[in-house]
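The same subunit A turns up in both complexes below, where it pairs with subunit B and then with subunit C.
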Partner chain A sequence: MNRILQVAFFTYRELIRSNILIVLIVSILAIGSLSFLLSLLSYGDSLKIFTDLGLAGAELAGWMVLLLGLAVTYNTEMDQKAIFLQLAKPVTRGEYLMGRVLGFFAVNLLVVLGNALFLAVMVLAVGGSLPPYFAVSVIFMALEMLVLTFLGLTYQMIATTMVRVVLYTFFTVLLGRMIGEIQWLIEKQSAPFLKGVLTVVYYCLPNLQVFDLKDRIYDPTLVVGFTQWQEVLLYSFSYSAVVFLIGWISLERREFR
Partner chain B sequence: MAQPVLPPAIRFENLSKTYKTGFWFKPKLTPALKSLTLDVHSHQAFGLLGLNGAGKTTTLKVLLGFVYPDAGRVEILGGRISDRRVRAQIGYLSELPYFSKQHSGRELLSYFGALHGLSGKALAARVDEVLELVRMTKPAGERLAGYSKGMLQRIGIGQALIGKPKLLICDEPMSGLDPVGYKEMRDIFLDLKKAGTTLFLNTHILDEVERVCDRIGIMHEGVLRDVAPIAQVLASKVPVDYWIDVDKSQAGKLAKTPFQASIKAHGGFQIHGNQLNPTLAKLQSKRVKIGAVRPLASVVEAYFLKTIGMTAKFDPAKGAA
Partner chain C sequence: MTAARPLAWTKDWRFRALALVFALQVFCSARLGPWIHPTPFSEEKLDKKVPSSLRAVGYLTGFRLLVGQLFWIRVIQYYGDSDNASNRYADLYGYCSLASDLNPNFIPIYPFGASALAFHLKRPLEAERLLQKGIEANPNETRLKLLYAAIAYQNTGQYKKVIPFLEAQVVRGDAPEMLLNILANTYQEAGRPQDAINLWKRILANTDDQATRIEAAQKLQQLYATLKKSHPAP
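Coming up: the complex of A and B.
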């Protein structure tokens, strides 16, 4: 466990000290300010619009930092072979992968929480109040980042170029957001083969809609009960565990020429 | 009383590796290792020599578990590299090591020390000790981004030594070092050897091999051509070619000899080692002023070249060796 934490802290420090830190600060300021400006210019309840945009921005910043971090560290670890010296130490490949994931997740968590905190302060500063499920939607967003971090790092262990890692992660995020549309396609599909293929795709992709609470936090009928919590937590951890296993096996089998 | 026979630190048995590149249905096969069998004795320094592409780095990668052999097996410190306890006793320095540039030298060594299970005061003390050993105490707090190639190489050897390894494996350890760094690195190796550490050096700097290694192995085109104690190599009396510097104005004194044309063109000529003394006598008899007599290769170099079927040649563009 100590070795996992060492790798995690090393990764976290590497990411925080790289240009990602600038992205983090700029994203918090830019997204927050832009959301505020757009909410003032739009019709309707500007505070609601500000909160909506701010949360969407926090999610976007999390994705951006993940993609950027994957690209930067692929170059260091795989292309420049910094991974060699670490894997020659008494650390297993599974520990290394888990450490990397935790380091990335810590940075992502900082981005999402930083953005959410900035948003909350702004809302309270203009005399508004936060919707009841604001904190819950931020926690769900963090869980989404956990799942995506496991996926991104697994792609990093499988893919042979940095571009592939970024593309795989980007399209997974995109398709994961479109899971409802894929479900609709399955229902409409009559050809058994295509239906089967789409069903496999549906179950392989992360269902990111499970985590999407931000669009509904002003819905007065919204209730997040124990069952939904259970479902979201179970889904995030079981999906992450399966992805981690795939990443671990891939890393164990991978040759570093 | 007879000395107890120590098990080899590394044992390669019929190791073969072929790289596959290109499309899966029409792969290009590149054999990198062909039936490598070799024992590296404990408490000795072993130098693996070879030209670029000879299979040296593949040997190290198989040894460290970075690539998997197609056939054969490797035993390292009596176990397998996949065993964490085995890796805890190994130090490894890759060729031109690359580190995340966001950390300082001290932070990097602390990280690698922590991976070896060190913590707290023991870790801090060991980091200080290693920084001192590799002469990096002063810039230890600076980020690696500001380090020169030689400083990175020193930090590289530092991370390899942080866990007090029983076996140190280095791939081209002298790369990027200036003459002082080169000497310091050599001294570190000699001290480690004296302390009982087994060294496995992958190199093509033959001078380093001669001064540090007890045994050498010569690889060529994926095949281990020869393994010999360095003392045997040095005593082998492999003939070495020489280059004799002669001023161009002296060429007239050597008319009708095979050297005249070379003297006129390059200011000297090359001769085989066994012809050195008669040739020098001949030059003296003709009152030819000799500038210098230089061997074109060291004994180890000549042995190496002979083993792989090559000879040292004078390159007029570069001058004599």
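Coming up: the complex of A and C.
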């Protein structure tokens, strides 16, 4: 456990030193001011508009940090062979991967929570109130980032170039968002073969719609109780475990020269 | 020994763990069905001029609310552009409908669109359709039900039933300015010029919009003239 934490701390410092937190500052400034401007231009509840845009911005910032982080660290770890230093120490490859995931996730959490906190403070400062599911939607966003961090780092262990890592992650995120459309196609499609293929795709892709509470934050039919929490947490950890094991096995089989 | 090598991976506990966790993941994923895509696609076909690609972007990227809010500004710009008055804002219903598909719980879309369609553009059927969508998505929103009833009464010329509904909206304090104009016009049509005059005076005193000011002044002039005719000085 100590070794995992050491790798996590090292990864966290590496990402902070690579100026990736500039994304946090830029996103807070850009998204905050853009949301404010658009809420003024629009007609309706301006605080609601500000909150909607701010939540979407927090998620976008999280994605951006993940993709940039993957690109930056692939270059140092794999291309410049920094991974040799870490694997030469008494650290197993599984511990190394888990440590990296935790380090990445810590930075990602900082960005998402930083954006959400800024948004909450701004809304409360002007006398507004946050939607009842605001905190829950931010926690769900963090869970999404956890799953995507596992996925991105697994791709980093499998792919052979930095471009591939970024592209695989980016398109998996997009496809994961389309899970509802895939389900809709499964229900509509009558050809058994296609139905089978789509079902396999459905279960292999991360179900990112589950974490997307920010688009349903005002839905009067939305209920997030104990059962829902249980289902979402169980899904997040089981999917992360699948992806982690794939990444670990790939890393064990990878030959570094 | 070489024959046994290909099967060596089966002894790796991680593969067995992977199969087990994957099965758990599939089980959990199957249980998450009701979470996914809670709002079905709208069966209604949009006008070709309405940018339905935006709907696709909203649904596929998972940023429905973000796209919805950006599109809502476009709807306001469309209604605010006097060039579109030449075809009586023909796409207004389609635009509002798309905005409501993207952001079904954003209430201002419905009163804004329905008021413009029913009272300004005299297309009450489209207004009613828009409000029906709003009420279905937000069953607890009393304002939408009131407006729906008001439009329905207006359409049948039952002013005595329309006016209390509109007054209730105005009393809330957050009614759009357009609704005040509508109420003033309804007073006039219902034969209550004094109430209409009072309301137009209030609009004239509070509005920042130059066009509304001119409209209010003209209406007051017209209403005073009508009053003078009906009650000539002795």
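Points to keep in mind about this one:
The rule is short, and it goes like this: the second predicted complex is superposed on the first by the 255 of 257 C-alpha atoms of A that agree within 3 Å, B and C clash if a C-alpha of one lies under 4 Å from a C-alpha of the other, contacts with A are read in each partner's own complex, and residues count from 1 in each chain.
Here is the rule we use: a residue touches a chain if its C-beta (ideal position, glycine included) is under 8 Å from a C-beta of that chain, and two chains touch if they have at least 3 such contacts.
Remember, it's a predicted structure, so these values are computed and weren't measured experimentally.
On the shared subunit subunit A, the superposed partners subunit B and subunit C are arranged side by side without overlap. Contacts of A:180 after superposition on the shared chain: subunit C is touched, whereas subunit B is not. In the superposed three-chain model, the partner touching more residues of subunit A is C, compared with the other of subunit B and subunit C. Of the two partner chains placed by the overlay, only subunit C lies in contact with A:219; subunit B stays clear of it. The gap separating subunit B from subunit C at its narrowest, counted between C-alpha atoms of the superposed chains, is 11 angstrom. On the side of subunit A, the complex with subunit B involves touching residues 2-3, 6-7, 10, 13-14, 17-18, 76, 80-82, 84-92, 255-257. Interface of subunit A with subunit C (complex): residues 38, 41-45, 48-49, 52-53, 55-56, 59-60, 174, 177-181, 183-184, 202-203, 207-210, 212, 214-221, 228, 231-232, 234-235, 238-239, 241-242, 245-246, 248-249. Across the complex, subunit B meets subunit A through its residues 19, 61, 64-68, 84-85, 87-88, 90, 92-94, 97-100, 102-103, 107, 111-112, 114-117, 119, 156, 159, 163. Taken in their complex, subunit C has these residues touching subunit A: 12, 14-15, 17-18, 21-22, 24-26, 28-29, 31-33, 35-38, 41, 59-66, 68-70, 72-73, 76, 103-109, 112, 138-140, 176.
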